[in-house]
Amino acid sequence: MSTTTTNAAITVELLRNAACRAHDAMRRNEQRLNEADGKLGDGDTGSMLARLTEALSRADIAQAEDLGAAFALYARAGSAATGSSLGTLLVTALLAASKATKGKTAIGWNELSPLVGAALEAMIRRGGASLGDKTILDAVHAVAEALREVSDQATARRLAAEAARRTLDDFRDKPNRIGRARMFAERSIGQDDPGMLALCILLSDGP
Amino acid sequence: MSTTTTNAAITVELLRNAACRAHDAMRRNEQRLNEADGKLGDGDTGSMLARLTEALSRADIAQAEDLGAAFALYARAGSAATGSSLGTLLVTALLAASKATKGKTAIGWNELSPLVGAALEAMIRRGGASLGDKTILDAVHAVAEALREVSDQATARRLAAEAARRTLDDFRDKPNRIGRARMFAERSIGQDDPGMLALCILLSDGP
Amino acid sequence: MKKFMNRPADYVDEMLDGLVAAHPSLERCGASRRVIRRAGGARPGKVGIASGGGSGHLPLFTGYVGHGLLDSCSIGNVFEGPNLESCMEAIQFADGGRGVLCLYGNYGGDRMNFDMAGEMLEAEGIVTRTVLGTDDIASAGPDEAAKRRGVAGLILAYKTAGAAAEAGADLDDVTRIAAKTVAATRTIGVALAPCQVPTASAPTFSLGPDEIEMGMGIHGEPGIWRDRLKPADALVDEMLERLIADAPAGASDRVVVLVNGLGATPLEELFILYRRVASGLGERGISVARPLVGAFVTSMEMAGASISLCFVDDELERLIGAPASCPFWIVP
Amino acid sequence: MKKFMNRPADYVDEMLDGLVAAHPSLERCGASRRVIRRAGGARPGKVGIASGGGSGHLPLFTGYVGHGLLDSCSIGNVFEGPNLESCMEAIQFADGGRGVLCLYGNYGGDRMNFDMAGEMLEAEGIVTRTVLGTDDIASAGPDEAAKRRGVAGLILAYKTAGAAAEAGADLDDVTRIAAKTVAATRTIGVALAPCQVPTASAPTFSLGPDEIEMGMGIHGEPGIWRDRLKPADALVDEMLERLIADAPAGASDRVVVLVNGLGATPLEELFILYRRVASGLGERGISVARPLVGAFVTSMEMAGASISLCFVDDELERLIGAPASCPFWIVP
């Protein structure tokens, strides 16, 4: 909804805005995501994300000396907030981002794609799922791909949101291949994966 | 519903018919009585009476040598079927009737009023409630009164049913004065006492 | 309401079959097999304690048969008192030659049947005493305390009287202990959702989606007020207030607390309630001698909870803490 | 769904407050106070056993901290795994110098956090092993048995591993026992009514008035079939059939049976189920080494039950019968 499209780079300041917007988006979509998870899982995705993003939005990263430190503070705050699958994977992603941005106070929008790629790799390693399993991973992968060669915020936002949305649509009628939902693959067909849906909401609602 | 109006006396045979009809009436009204009890008590009056009357209808009293023995067999069968308040009071009544009819193979319809009176007395002694408390006792009392000077079955049936019905109507808007219902006397106003209602159904449906 | 059962009429007998199959310390006996006693029977020379009541309240009543607790228990159909014969048998099975205390809740059917049983057994030389559980403060005012119904607090009288009997006390003393415990105990319950008698076609009562009932009886008998659900702390505060306002004259400032689930309420919520009970008592200068939190006395699948306070002196505290062991309550 | 609670966000912390207030044998600790350990801490020289998992399953997980069972337990929000820090702390608090077995259910979040915790503590010289509960046969086929979720049967591994650790076994042996127990245990559940996450505005799933779901997961994850409620015996027969068809190769003909209530199902109904379980096993020539009937592993107010069979040899039977004591399970 923001009309700011000028930032030349990703900074700690931008990160803070992103966290606040993410929290706002998750608060508003908490029950919708719980409901989506109730169909395939245990109905807690929305409440978990609302809590996790609240923890991020409260974490004080203003004093962080670089992006690496800011991501690390977020990882720590997120980790304290939950031990759920998705939450832990997001923390894993934040940790990977922290490593990749250590010592940098800003990165260009053209560096976002590899950053997301690094986060994706860490999530795959930690969670043990594969691309194609109908999880948040597929959407993250699509976002990383879409961000290649992008160099400004407005394009990044638009392409990331489109990629996430497209992935959600593409996977809707595919069966879930991880967790318990595997067992009733037919029933998972037609249902949105809650993790993927959450990312989609974050990217269309967020910065 | 029966059109038999000729029996000159109350016999073991008539008792057996009464038990069967009582069972039939209670079976048909089981849920209605449960519901009435649910409003003031624990919702079991109907199921209890269905079970108790089934036990009576199954008790073989054909060989009983007199009314006293038949009533005693019924008391025993009823007692095995339940230990509920109302059930136990009915067993108490059967025991009192057994005592009063010991040695008699038949009694006249004009002897029914004192027999009911004796049963009522035993129920009051055992249960500790008083007339006016809005229990089955008030209906039994009215029936005993109505049967005074009656000497045939048809009149007995009509007057007993009317008396029970009248008592039910008279007490509907009075407060309950025993058991837990005492505590919410206002809420018991307008409600039929389930024990009284059961007697009413038995007498309008029964022999 | 969905229930795991076969024919509704078989609910009680099949439940008892399963109970004794799972718990070899319990023996099912009696002509109509509606008595549970300790495996091995009465201990000669010990005062016996018999209880009884309707089904639908597990672990009450039958589950409390065991060392330091009950010797026997008669059991009726769901929410119906135990029949006369089973009450007689329960007394007989509890009799070790030093008399039997009949200790059960104050309900019409239960009382009539135990009374008749006692009268009939007197002729056979069995001495009985009776103490009735009357802890439900919502079931009658303080001026009619003897008319109150027995609910969850009854198990505290099982515990103290059972410990006294196990220690060799005579019938009068066991009776005194039971009566003293009942006199020191107060309970109030609150229901969130109803239960259904297996043979009934609908729940015993109904509550709106946000409605609760304060003071509801253990069979779903109407309570004190019905209103919207409040926060747990507010409910506890009101319940404590009512319990303490009704405390016996000269009550001690030390209590055994029982936060009891009525059946469908999860342990999580009982602990949320207990947290406030403990702090609320602390604020009032009342110390907790022993907390009990769990489903001790239920109404099948009713949702809700009760809070019981037993104002203990040294004697009662010691007896509550004495060793005991039944399938649902072990004090080491 | 009505719950006794205050702010939904405080559900877990207030529950833990109440739990430790009611049970002084449990101590709440950790930076975010999301670890329960035995009061007094780890016993030097004993292999430690740490578990952990989401809230909403009491007595699991925290309730099984005690002698002969767990040393410590990390606890997450409702249905969310415990966070990394609490997993690290649980391992540290369990460590008595001879290593720590991490024994918990096979769920993504739990596994990731315990794995990370173990990796981080390795640097500090704490040796850990991991055994995952994988007893839910409805959560994956026999060919993917390692992917199965851990449900009620996990407590049997607590018991055997706990007994071995208490008896002085070393880390490898305690690990072997836990793994052997998991490999010998099969569970299937059936749900009659849903539960609701405290922060959610609706139940996790919904079932029609007569509908039930066979094979449902312990968080309400969909199961094998959904159909009208059948008689209890028919349900038990199907569940036993499925469990036995899935028995481990070369399984013994002796089992520990756990008939577990999911939260709102009354004990009466669990005993009705157990009655048929016992007779059904008998008909198949399988003897019961030890029956456990009760609410051991729940999903808050979910209605339903699970049946677990643990095919025991002499070693496992002895360990299951060894003394143990926690607030919700005492083996004398």
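In this document, chain identifiers A, B, C and D correspond to the written order of the chains, with residue numbering beginning at 1 in each.
By definition in this document, a contact is a pair of C-beta atoms (placed from the backbone, for glycine too) under 8 Å apart; a residue touches a chain by one contact, two chains touch by 3 or more.
As the structure is a prediction and not an experimental result, all values here were calculated from the model.
Looking at subunit B and subunit C, not one chain touches each of them. The most distant chain from subunit D is B, comparing centres defined as mean Cα coordinates. The distance from the centre of subunit A to the centre of subunit B, each centre being the mean of the chain's C-alpha atoms, comes to 73 Å.
With centres defined as mean CA coordinates, subunit D is found 54 Å away from subunit B. The mean-CA centres of subunit C and subunit D are about 30 angstrom from one another, to the nearest whole unit.
Those residues of subunit D in touch with two or more other chains do not exist in this structure.
Shown here, the protein chains touch in a chain-like sequence that does not close on itself. Shown are all chain pairs that touch, namely A-D, B-C, C-D.
Within the complex formed with subunit D, the residues of subunit C that make contact are 2-6, 11, 14-19, 21-22, 55-56, 58-59, 63, 192-193, 209-210, 212, 229, 231-233, 235, 259, 263-275, 278, 291-293, 295, 298, 300-301, 303, 305, 325, 330, 332.
Contact residues of subunit B toward subunit C in the complex are 30-31, 34-35, 38-44, 46-48, 50-51, 79-89, 91-92, 126-127, 179-184, 187. Residue ranges of subunit D in contact with subunit A, taken from their complex: 9, 32, 52, 54, 74, 76-87, 107-110, 112-113, 115-116, 138-140, 147, 149, 196-197, 199-205, 217, 219-224.
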